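Two complexes come next, and they have one chain in common, subunit A, joined by subunit B in the first and subunit C in the second.
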Partner chain A sequence: MKYAIEMRNVSKRFTTAAGTEVVAVDNVTLEILDGEFFSLLGPSGCGKTTSLRMIAGFELPTAGEIYIHGKPMDATPPNKRPVNTVFQNYALFPHMTIGQNVAFGLEMERLPRAEITRRVGEALELVRLSGYENRKPHQLSGGQQQRVALARALVKRPEVLLLDEPLGALDLKLRKEMQLELKKLQREVGITFVYVTHDQEEALTMSDRIAVMNGGRVLQVGTAAEIYERPVNRFVADFIGETNFLKGTVVMATDEPDRYLVRLEGGAMLMASCEHPLQPGQQVVVAIRPEKMHLNGSRRFGPYADNHVHIPGRVQEIVYIGTDTHYDVALEAGPIVRVREQNSGVFSPRLALLGEAVSVSFDAAVARILVD
Partner chain B sequence: MKHRRPFWLYLIVVLVYIFLYAPILVLIIYSFNASRVNVRFEGIVNIEPCGPFYWFCQLSRNHEVINAARNSLIIASISTLGSTVIGTMAALALQRYEFPLKRFSEGALYIPIVIPELVMGIGILVLFTTVFRAINTALDLQGNARLGMGLGTVIVSHIAFSIPFVALVVRARLHGFDRAIEEAARDLGATEWITFWRITLPNIAPGVLAGALLAFTLSLDDFVITFFTTGPGATTLPIYVYGLLRRTITPEVNALSTIWILLVFLLLVVIQRVQGQQR
Partner chain C sequence: MAAEFVSTGSRRRGFWLMLPSLLWMLGLLIIPLGLVLVVSFGRRDTDGNVIYTFTLDNYLRLIGFSRTYPCGSTPPPCFDPLYLTILWRSIVLGLQTTLLTILIGYPLAYFIARAPASRRNVYLFLVLVPLWTNFVIRLYAWIIILRTQGVLNTVLGWLAGLVNLPFQPLEMLYTPGAVLLGMVYEFLPFMILPIYTSLEKINPSLYEAAADLGANTWRTLWRVIIPLSMPGIVAGTILVFVPVMGTFIVSDILGGRQVILVGNLIQRQFLDARDPAFGSAASIILMVLTLAITLYYTRRFGFGEEITSA
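Our next item is the complex of A and B:
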């Protein structure tokens, strides 16, 4: 399999004006497949933009190598790299019309005028902005500017398109529309997309694969389902979606590989899996998603099976949000967990009353043991 | 709800304007004076073929004046070109690069704006004479080959004192300049050179133009520094006018000044227009 982008042990250190060193990207290794929609996801300041800028050639790595389609980039300047960027705030040329903006990249390739005109027309049609050729960027709405930025990059037919939070400046509704549109576009043109975002929902909906970053490091790479269902550590579990964390102690390893018996705070015992080798007595956290937990109260008792773990607690808060109802339950052992029950009935009554003594339960198989 | 402004505030404003513009107005009126000795206004001159513009006609026949005007324009044009290029480059360098002593260089760049012109004039004079003497002696130059004061020295010194003003104006423009568009251009395949000409320059052009116009007016107006650095055959208009004044004040001088003021005024209007466009 050919990689569109390879980052090999790439690090980037900045020296700030105050003289301190910042490690923006810390020993990152990534393999991005040809034709893939790949997202870099992480909180603000985790090094996403810096990684993208190193691929584009605006920053050179302090250490490590970057390959684009197998070719080492070394100090290749941005104008010689087969990638194009959609910038965070679009960076349209304010003194040029939309047509001139989109044509700029082709003029740099010294293509014949007729071909430039044709391809600019095609690109603007692709982003549904035909007829806007003679407008200036400031005469367009945010969403339209965003599409011009996209057309300007795509018209070059790059092997890889880099996008830095391209939807960040749009309002929620437009953002949702553009997410779908971008995904559709990527499938149509078949170009590799490297997409930077701090919005986990955006990454989950759009990406073929996601790299979760924090503090300059890549913590986990995988499909949306892999990252959601099998987060490798507490940060990933917490950052992607909602998670309940329960403290526990490893009692012993079981006969099955990677499965351990864990005693939770409060005494409940469960068998759960962990890829890291664990020692008896080791402190761990067990992560369970709210929608995988059930509420058992006076009005309803959840599904029951031998391997279900039951933990007693008291309902502290009930929040109805339409599709679901959230029950925040204070466990006897201390922590507060959230249980999400789907409102799938004709009229979904509350499953418990505020302040009621209940138990929360979950299938031990859905619990994940996390070390850090 | 009307807020009444105190009467004395209006008065002060009016007085300030009178103080600023009355001399100029008087000067312009006197360029139409019938009396050759320009101390009393004795009615508007009316001598054919120029009528009230008699002194302006006289002026146009005065070779010394035309020469001085030509010198002034040559000096202003070349020094504007030089100081605009260098000042713009300085502003760009200060905006985008980190280098040792950057803070210091930035401060040093603007100091000439506040240094008394007289001090700078003397300084430049000393510099030129010292350097020229050293070169003349070292190369044993004789006669016309000897380096001396002239158009060249005036141009160089005008470039020098205009650079800070250009840099200041261009930097103000750069302040709102988004460098991401330069990166976008590089990303789309443009070299640094093409990026400068097609992206950077068009976007900072109003600032550069305003800086150039400022440099042009400064050069046209300058007396002190020119006085110290001028030489044979390099008399500028301000220097020439000063020379005339020491003899007699004829309405011819006023006519010259009138044209001068109108020209500078026109330039200032253009500067304002250009800067207005920046918003």
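Our next item is the complex of A and C:
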């Protein structure tokens, strides 16, 4: 198995102007496969940019080692690394035309003029900006500048392309378009993309694999489905999509491995899985996605099975959003959970009335026990 | 209605706000300049008073054709390139000073702009500190350093003594070199500050983008940073070249009688030779020359052309 990028126990500490020490990246170990679309996802300030900048060579790790295609980078300067960056603010050279911007990297390699011209043309064609060679960056829209930045990096044919929130400055519609376009482009050129974003939806839709970061650490690495369906802790479950958290206490371990009997606040009992070993009496949270919960009221009773858990509550809010309707239900034990019912019928009526006493139910198999 | 009222009101207020500077320009620039122009076409009588006529004699004399004054021992009309030499010397010195201040000032400005934010203000402060001491006093300090028995010669003599070399004190003061040194020393801050300002405006990620695309420090400088700081270089050039062309104090103090510039020529016509008409003509020529060179230069390199950094 060949890794495009390996980070081995990489840490980065900064000393701020005030003299305090910030741990921006904390003992991160990552293996990014050749040719994959890999995202670093996490809230602002979690160390995504710093990680990317260490791969690019703009920052050197305080500890640990970074390998690009197996070669240790040590203190290799950015201009000697086989990676290129698409900067968040594009960082196009304002005094150069689009053509000159894209040609810059090839001129630095001292390639023959004819080859430069040909490759610049190809790169601009790839991002659908042929004919814009003689414009200046400020004459282009945000989305076009974004594509120039992409062409300028891709024209170098890097082994790895690093992208730091490249769509951050675009409006929503353009963002969605560019997401698809980027993904398509990545498949076409087959280059490894390391993509930084704080937008979980963006990461889920584009990535082959995602690393979820918080506080300088990598919490979980996996495919979109793995991270969504099997979050390892409360932070990941909360950050990726919506999750209902129910407090509970471990009653006992079952005969099956990794499965425990848990008593929820309010008394309901359920059997759910957890990869961590748990002790009877331990406080845990049980996470269930809103779309995996059902609403049972006077107008409809949800699917029923023996292993379904039912919890009584009262409808507090109903929000119709077209594809789904959200029901916020205040459970008798205290917490408010959200149930998401799909509007798949010809005309989807409300399943309950505001203020109505209902129960929410879910298949115990979809519940995950989280320790922290 | 309301909008119209506001806009007329603010236009009127704009006029009143501009009035002081308009009066200032009129009283201290346009009128005196007009007077100088009028006087430059006049003639001097034997007592040193100006006779207001219209003659081009002063201008002709400046470019070498003297109709009323002898050229050395040759009686007029005669040809004397003295003033042309002075003009030429001033231009060359102005260009040399500008070039040297760019060569010295650019690295300094670059160093300051790339320093950590907390230290930049200290460096800028150090650039400005000399300006707090009087100009003339600082030039006298250079006399102490440069003269035959001065600091520099003493140190050099001592060093030569250490290695048993014969040492002849160097004649440094009252040479064109001393004047150039004084000019560079005097005007360096006026080059550093505008260059610093334009360097500081450059988006720091452009340095990284250049490095990312394979440029080393030098090529980043040549291809990206220097072109983007051209507005600062142009502004600095004007701030240095224009006053160097006109000043007479540096050449007076460090050049003695050896290095005479247009500034000295004009000063002497007004104070010593008591020929304001000729002095005025020299002033006008100086102004036109300076303006022509600056205009050519700004046309060539663009003046403060704002390049919006993406």
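As a working rule, the second predicted complex is superposed on the first by the 372 of 372 C-alpha atoms of A that agree within 3 Å, B and C clash if a C-alpha of one lies under 4 Å from a C-alpha of the other, contacts with A are read in each partner's own complex, and residues count from 1 in each chain.
By our rule, contacts are C-beta pairs under 8 Å (C-beta built on N, C-alpha and C of every residue); 3 or more make two chains touch, one makes a residue touch a chain.
Because the structure is a prediction, the values reported are computed rather than measured.
Of the two partner chains placed by superposition, only subunit C is touched by A:P137; subunit B is not. Touch criterion met: A:F93 reaches subunit B and subunit C at once. Of the two partner chains, subunit C is the only one touched by A:Q145; subunit B is not. Once the two complexes are overlaid on the shared chain, A:P78 sits against subunit B and subunit C alike. In the superposition on chain A, no contact is made by A:Y3 with either subunit B or subunit C.
By the touch criterion defined above, A:F301 reaches neither subunit B nor subunit C.
Residue overlap on subunit A between the subunit B contacts of one complex and the subunit C contacts of the other covers 17, 56-58, 77-79, 84-85, 87, 89, 91-95, 104-105, 108-109, 152-153, 156.
Put simply, subunit C touches subunit A in their complex at residues 116-118, 203, 205-206, 208-216, 219, 223-224, 227-228, 307-310.
Across the complex, subunit B is touched by residues 17, 56-58, 77-79, 83-85, 87-89, 91-95, 104-105, 108-109, 152-153, 156 of subunit A.
By the touch criterion stated above, subunit A contacts subunit C in their complex at residues 17, 56-58, 77-79, 84-85, 87, 89-95, 104-105, 108-109, 137-138, 145, 152-153, 156. Considering their complex, residues 98, 178, 180-181, 183-191, 194, 198-199, 202-203 of subunit B touch subunit A.
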